[in-house]
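Look at the two complexes coming up: subunit A is in both, with subunit B in one and subunit C in the other.
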Partner chain A sequence: MTVAEAFEQLKKDGQAAGVELFPGPKDAALVVTRERVKAVLRHLRDARPFACDLLVLVTGTHMTEKKDAKGVLVREAGFEVIWHLRSVQHRSILAVKCKLPTADPTVDSVADLWPAANWHERETWDLVGIRFTGHPDLRRILLPEGWEGHPLRKDYAYPKEFHGINLEVDAPWPTP
Partner chain B sequence: MADAMTTSGAAAPTQPAKTFALPGDPLRPPDTFVDVRTQELQINMGPQHPSTHGVLRLAIWVDGEIVTRADPDIGYLHRCAEKIGESVSCIQYVPYTDRYDYLAAMNNNLGYCLAVEKVAEVEVPERAQYIRTIAVELNRIASHLVAIGTYGLDLGAFTPFFYAFREREEILRLLEWICGARLTYNFIRIGGVMRDTPAGWVEDIRKFLDLFETRLDEFNDLLTHNHIFVARTANVGVLSIEEAVRYGLTGPNLRGSGLRYDLRREQPYLLYDRFQFDIPVGTGIKGQVGDCWDRYWVRLLEMRESVRIVRQALDQLPTGGEIMAKNVRHLAFKSKAGEGYLGIENPRGELGYYLISDGGANSYRSRIRAPSFCNLSILESMLPGTMLADAVAIIGSIDIVLGEVDR
Partner chain C sequence: MGLFERSLPDVYLTRLADLAVNWGRSSSIWPMTFGIACCAIEMMAVGAATFDMDRFGAGAFRATPRQADLMIVAGTVNAKMAHVVKRLYDQMPEPKYVMAMGACTVGGGPYWKHGYNVVKGIDRFVPVDVHVPGCPPRPEAIIEGVRFLQRKIMAKRVLADGAPQKPDFTGISISPGTVGILDPTIKVTSTTAGPAAASAAPLAGAKA
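Presenting the complex of A and B:
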């Protein structure tokens, strides 16, 4: 099932409220509003035509504003979360996308729908700083507890030291 | 998280007292029962522990010898893979991908290059695709040999480890011959491969495959039907298909549970639709479907299928022809704007790269779907209820590479 077919099927099922089709340039995706995203994901998992039982990946991206040479906006500022879902039966892969405002990157957790989402959401919180409400245990997973900031944000400032360890790249070598 | 080696709560027993009979104790009358109180204890396993295959730390809560809860703690090998992916160009990033799953570096190269080629619309010449297939499948055999050898090692079988590494050494020699490195190959490049096959390489692979097929049977004598090995792995860590899919398991771990799901067949990339091969699944020969032995057995059978694929690829390998795409200018490579996800079948499961490009030399976002990361998360669900000694058998059967878990 392609993403366009999935969009048509969602319309038939009466679940297309708040869903738009992102046609590409390369991979198409379903763009869902923040309020509807969990209901749509649940429908994609449970409804028989989709049967997306395998959650492949949860990605968070920090988007900064970008304009092309003519001053036309080509990338809006904000956050994007993408869920890649596979259906084992139908041999298909679907991408569902949700756009979040810069000031409040919060979205519903799907860890209760797919336990696989648990660690992906923890990693997204750790590195990108997107908060998943309803997650059973949202704490850092790769970085140590007590780390400040979220490194995959584009405005991330590298720390100068961590627990007394000097992290400055061009710091002089300590004399023995 | 609490410190290691501490009892949870106060000194008072947290579990109700259990009574056990002590049979044949000459000092007591035969009908006496003794109170044996158990107390929940948190123990720390790793990050320096031989059976964790790297720097994995597990906090395990046990009641007697039964695991009640397990909490994997990862991140000790975190090297900011995705941040590096944004700060260097696509061409420069290929050698970094070697370092994630270092036992299957060819597969990592391939996953990244295919994703970039998808976004940048690069057409790869046919000969390069065959060379890629040969290299990737040889690397898959080498990776499974490490998985099987070290799995035996975890469970106390020392000898199979040497047999596995003897065969792996041959494969490493063949791969070193073609690209000069034994582990971090950087051989598959965006648009093709680094260099053409050296003279005599193809013939040597054929010789090796003939020898290797006979030697695969040695593993059956040494390990597969070994009574102790079967006792440690059969009916241990049984995983149903539903549970495996819910936790996003892929690769041999999913197939060990009986689901015939392989991306080489489901969504063929490279030239896999031209080859004939079977997808082995666990059938519960020694115990139940989806136990540790099944996962081991699937890996062993997969090596035989890889041998078949390499043979066919060698037969079909076109003589002469380009090995690098014409339209890739490596010094000034710029991807097209767009975003795309591409997953391939790594020896450990689905390895995927999700790339967002804004038309520059660097990716705007390069997200890695590491199979070991997803496979490891099932420990929280698998370990509770098992014996502590079986925890080692279960972790080994999942076959993780920590370089990929932490990235």
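Presenting the complex of A and C:
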């Protein structure tokens, strides 16, 4: 099932509210509003035509504002969360996206729908700083406890030191 | 040497005792079984039959820091890992030595500029005796590092209370490309490529 077919099927099922089709050449996706995203993902998992029983990944991106040569806004600043779903039964893959504002990057957790989402959401929180409401244990997963900031954000400031260890690039060579 | 550490007069007898102790120490450097990243694969190769670090008495990899003399830090150390490495170093009994193996531990390596969580050189939290550059270093380079360390140990004062001696690093390098990193006065005698030149090249360079 292609993404366009999935969009048509969602319309038939009456679940297409708040869903848009992003018809990319290679990266077609369903773009869902923040309020509807969990209901749509639940439908994609449970409804027979989709049967997306496997969550491949959850990830996030942070994008800055982009304008073309004439100064027209091409891309708004903000966050985006991406879910890749796979149906073992139908041998199909589906991408779902959700755009989030810079000021409040919060979205519903799907850790209760797919257990695999638990660690993926923790990683997305750790590196991009997207908060998943309803997550059972939203802690950092890769970086140590007490780390400041989220490294994959565009405005991330590199740490000068961590727990007494100098992390600066141009620190003086230590004298023995 | 505990109680007598560098407290006896610097005479012939104590110097002779130092020589014996240093010979023992430098001939039985037991490294810790401890690999962090890809450099550890080369470290394992050094321990295996082809290169066989046991020829230099440094092949007995110990599974605990309590029995180890040498910590070969083989791999990228990040901020989360640095405390574990520091703790392992603290658990080793004296005398203890550290080899920074590979570009990451020497100075951050490929993560020097944009690795936000990588410690740019383990010098920043443990004292390092030998730096072995490379990404990862060839097994010959690690053996060379061990031999540099052996010369350093031979120059230590154990019982005698004298001025520190300068280690003699001449004639230990086995890979011509890395000669002279520690001692710029060592001159490479032959760097020409090719099997004939390589086999004809003397074991390292002679002191200029």
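What we mean here is this: the second predicted complex is superposed on the first by the 175 of 176 C-alpha atoms of A that agree within 3 Å, B and C clash if a C-alpha of one lies under 4 Å from a C-alpha of the other, contacts with A are read in each partner's own complex, and residues count from 1 in each chain.
Convention: a contact is a pair of C-beta atoms (placed from the backbone, for glycine too) under 8 Å apart; a residue touches a chain by one contact, two chains touch by 3 or more.
Given the structure is predicted, the values throughout are model-derived calculations rather than measurements.
Q: After lining both complexes up on subunit A, report clash or fit for subunit B versus subunit C.
A: fit
Q: Between subunit B and subunit C, whom does A:Thr59 touch in the aligned arrangement: first, second, both, or neither?
A: After superposition on chain A, A:Thr59 lies in contact with subunit B alone.
Q: Between subunit B (first) and subunit C (second), which, if any, makes contact with A:Pro159: first, second, both or neither?
A: So A:Pro159 only meets subunit C here.
Q: Determine, for the superposed model, which of the two partners subunit B and subunit C contacts more residues of subunit A.
A: Counting contacted residues of subunit A, the larger count belongs to B.
Q: Could you say whether A:Leu143 touches subunit B, subunit C, both of them, or neither, answering first, second, both or neither?
A: A:Leu143 sits against subunit B and subunit C alike.
Q: Is A:Pro25 contacted by the first partner subunit B, the second partner subunit C, both or neither?
A: A:Pro25: touches subunit B, not subunit C.
Q: For A:Val169, decide between first (touching subunit B), second (touching subunit C), both and neither.
A: A:Val169 contacts subunit C only, not subunit B.
Q: Look at A:Pro151 in the shared chain and tell me whether it touches subunit B only, subunit C only, both, or neither; answer first, second, both or neither.
A: both
Q: Between subunit B and subunit C, what is the shortest CA distance in the superposition, whole Å?
A: It comes out at 6 Å between the closest C-alpha atoms.
Q: Where on subunit A do the contacts from subunit B and from subunit C line up?
A: Residues 143-144, 151 of subunit A touch both subunit B and subunit C.
Q: Tell me, which parts of subunit A touch subunit C in their complex?
A: Its residues touching subunit C are 143-144, 147, 151, 156, 158-159, 162-169, 171, 173-174, 176.
Q: Please give the residue numbers of subunit B that touch subunit A in the complex, ascending.
A: 74-75, 78, 80, 82-83, 86, 118-119, 245-248, 250, 259, 261, 266-267, 336-341, 343, 350, 352, 354, 356, 358, 364-365, 367, 369, 373-374, 377, 381, 406-407
Q: Over in the complex, which subunit C residues touch subunit A? Could you list them?
A: It is residues 79-80, 82-83, 108, 112-113, 116-120, 123-125, 127 of subunit C that touch subunit A.
Q: Can you list the subunit A residues touching subunit B in their complex?
A: 24-27, 53-57, 59, 61, 66, 74-75, 82, 84, 88, 91, 93, 95, 114-116, 118-120, 123, 127, 140-144, 151-152
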